[in-house]
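In the two complexes that follow, subunit A is the common piece, with subunit B as its partner first and subunit C second.
And now, the complex of A and B:
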């Protein structure tokens, strides 16, 4: 079992894959969160009825398997629209919308957790809607939403394994390439899992740290 | 001066204010008493435009609160309101709670806002709690902080909506003392309250609301000593 053909170069190859996973995740979570906050605030502000079209679209992104979304988006953009766009860009675009769809619900839930009476107090001090949102509602909503958001970020990191379908060589795809060559699937998957853990763990810890810092005691 | 002219307001089929007429002069302390559902709290939230009204009008220093052209955020700077719930911003320290609106709304510098906050917090007896988060304060302390937060905006009018109703009995006194102090300093105040003894002591006038109507308004001695309205007589008999 300890007799392996894995070389240092192969490990560098895997680390590059992990880097790609991290990059795709970071970009998608960044833009997905910005969009998610936007959609979540809109959804909360205009109420469920007026938000129906938006909710419907977001539901589509949430309920269709990511793999299918990636394939269809790639086909649509490259074949139908005829745009020459990299698989990496398609992957980031699709994953961002996918993240935004989930994030919007998390944001809405966070906003709803802020008591209406608190918002009245803020407005009665002469604060505008935007000031109330910026300095009272969103800071408090963030505290409530953080655990779910960390969960979402970690989920997106693992889901990002699917972007291999649009020719992005991320961590899992790199592993598969090595498996094909070295024929040591179990050992390589263990290494791959370890890489995933190494990039996920700091995010989870960071979430825990923020939660503790915000508990105000 | 606050002028309330024939104000009507309904929540769905329920008419909670049935044509209220009332004028509160500068420096006056008016308390409003009455059973729950009498419309007294609603009136306060209408005065600073948190609630729309159906008809009539409310003027604050001649500015019509519910006119479309009125800048409510600007108007609210001169009307402080404190609610039954304490409404501390839980993510900010006591000092930051009192500074936030000063900095963002009045555009005061941080230093000025802090000086004013410290002054107001000392005034309500919370000078020792500046760096503490609200979760560490008692209900009475949180309510006094809310009063300081409103006062820091240098309002011309203060509205108090049953500010002691959610407090444990032993904490009511400290908040009422704060209100007494404000009244003695000449602040124009409208206090909706269930504390009859307090109403009798501090008020220039007391108004009794019943089912959306202002049934009686008089100086406290007269209103409590010789109530005319039969509903008020019943109400006072029940609360004594």
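And now, the complex of A and C:
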């Protein structure tokens, strides 16, 4: 098994793929979270009735396979609109919206977990809406939302394996390319899987720890 | 901008083929859920058994399923097992890959559900003279399945969405596979995939709605 044709160059190639996976994930989670917080707060603020159109639109991102979202977005931008835009940008854009759709729900859940009475008390003390949000809601909602958010970020990292469809060479795609050339699927897939596992497992454990530590009992 | 001719008619004419693909997608999702739930119950039993090697198997399964991409798992089943000389058809690879993933996530859901069931119930059941298996089967299992009904519905939706990953093992009879094959022939990418997206949306909504109705009927107290 260790008699392999894998060279140092190939390892560099894999590392580049891994770097791409992390880069796409970082960008998408960053923008997705900002958008998600925005959507989540708006959704909470205007109430479920008025937010129906937004909820419906965000729901679409969670009801359609990511692969199809990527293909559709790519086809729409490059052939329908006729814009010249890289696959990388499409991937980041779609993944950001995908992240935002899930993040909005997490944020809303977090805000809803803060007791109404506590917030009324804050407002009665003369705090403005902004102060109430930053000093009362934010710290309390974070305790509820952060473990789920960590889960979401890891989910996005795993889902970023799908961006190969818009010609972004990330970890799994580069593994695939090497498999085609070296014909050693098992060994290469082990390396690829190990990489995902080594990043995901400790962070997932940390999320689980936070959840246990921060739960209200 | 917008000097693109939409040809919906052409794409819509292949709707029957796509609906057939949708049936295959649903079939894979249902089968993978059935296998997934069975295996997850088995793995939960492994965990409860108190035997070290058995719970190690369950933990390994759960952690691998949850910490690597589903796409990787399907790829592994198809090409990784190929390395051992086991060559599976795309259909089987996809089914096994999704079932593996489902089993991992469901076992974790079941663990959460078990926490909500008081330990005393098992002891009470045992004091009544039930064997450990009887106690699990008659007292714990029904409650566990009821508590994790919502997560199971979510997992079912995930299973539907995951069938699109069959693309990586050259699966061409499910909804995604049919669509991309039609696309390769006609190049109406946007129209075809938009229709596929609508079908996927309808399927997932139908599942969540029917699960909600079912839950309302089943779980009346």
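Keep in mind that, in the parts below, the second predicted complex is superposed on the first by the 198 of 217 C-alpha atoms of A that agree within 3 Å, B and C clash if a C-alpha of one lies under 4 Å from a C-alpha of the other, contacts with A are read in each partner's own complex, and residues count from 1 in each chain.
We adopt the following convention: contacts are C-beta pairs under 8 Å (C-beta built on N, C-alpha and C of every residue); 3 or more make two chains touch, one makes a residue touch a chain.
Treat the numbers as computed from the prediction; the structure is a model and nothing was measured.
Asks: Looking at the overlay, what does A:50 touch: subunit B (first), subunit C (second), both, or neither?
Replies: A:50 contacts neither subunit B nor subunit C.
Asks: Tell me the contact category for A:127 with respect to subunit B and subunit C: first, second, both or neither.
Replies: A:127 contacts subunit B only, not subunit C.
Asks: Taking the superposition on A as described, I'd like to know which of subunit B and subunit C A:63 touches: first, second, both or neither.
Replies: In the superposition, A:63 touches subunit C alone.
Asks: Once chain A of both complexes is superposed, is A:206 in touch with subunit B (first), subunit C (second), both, or neither?
Replies: neither
Asks: Now for A:185: first (subunit B), second (subunit C), both, or neither, which partner does it touch?
Replies: After superposition on chain A, A:185 lies in contact with subunit C alone.
Asks: Spot which of subunit B and subunit C makes contact with more residues of subunit A, would you?
Replies: C
Asks: Residue by residue on subunit A, keep only those touching subunit B in one complex and subunit C in the other, then list them.
Replies: Shared contact residues on subunit A (touching subunit B in one complex, subunit C in the other): none at all.
Asks: Per the contact definition, I'd like the list of subunit A residues that touch subunit C in the complex.
Replies: 60, 63-69, 71-72, 75-76, 79-82, 154, 158-159, 161-162, 165, 172, 176, 179, 184-187, 189, 192-193, 196-197, 200-201, 204
Asks: If you look only at subunit C, which of its residues touch subunit A in the complex?
Replies: 1-4, 63-64, 66-72, 75-76, 79-80, 82-84, 157, 161-165, 167, 176, 189-190, 193-194, 196-197, 200-201, 204-205
Asks: Where on subunit A does subunit B make contact in their complex?
Replies: Those in contact with subunit B are residues 115, 117-118, 120-128, 131, 135-136, 139-140, 143, 214, 216-217.
Asks: Can you tell me which positions in subunit B touch subunit A when the two form their complex?
Replies: Result: residues 45, 48, 50, 73-74, 76-77, 79-81, 83, 85, 87, 89-91, 100-101, 104-106, 133, 135-136, 146, 149-150, 153 of subunit B touch subunit A.
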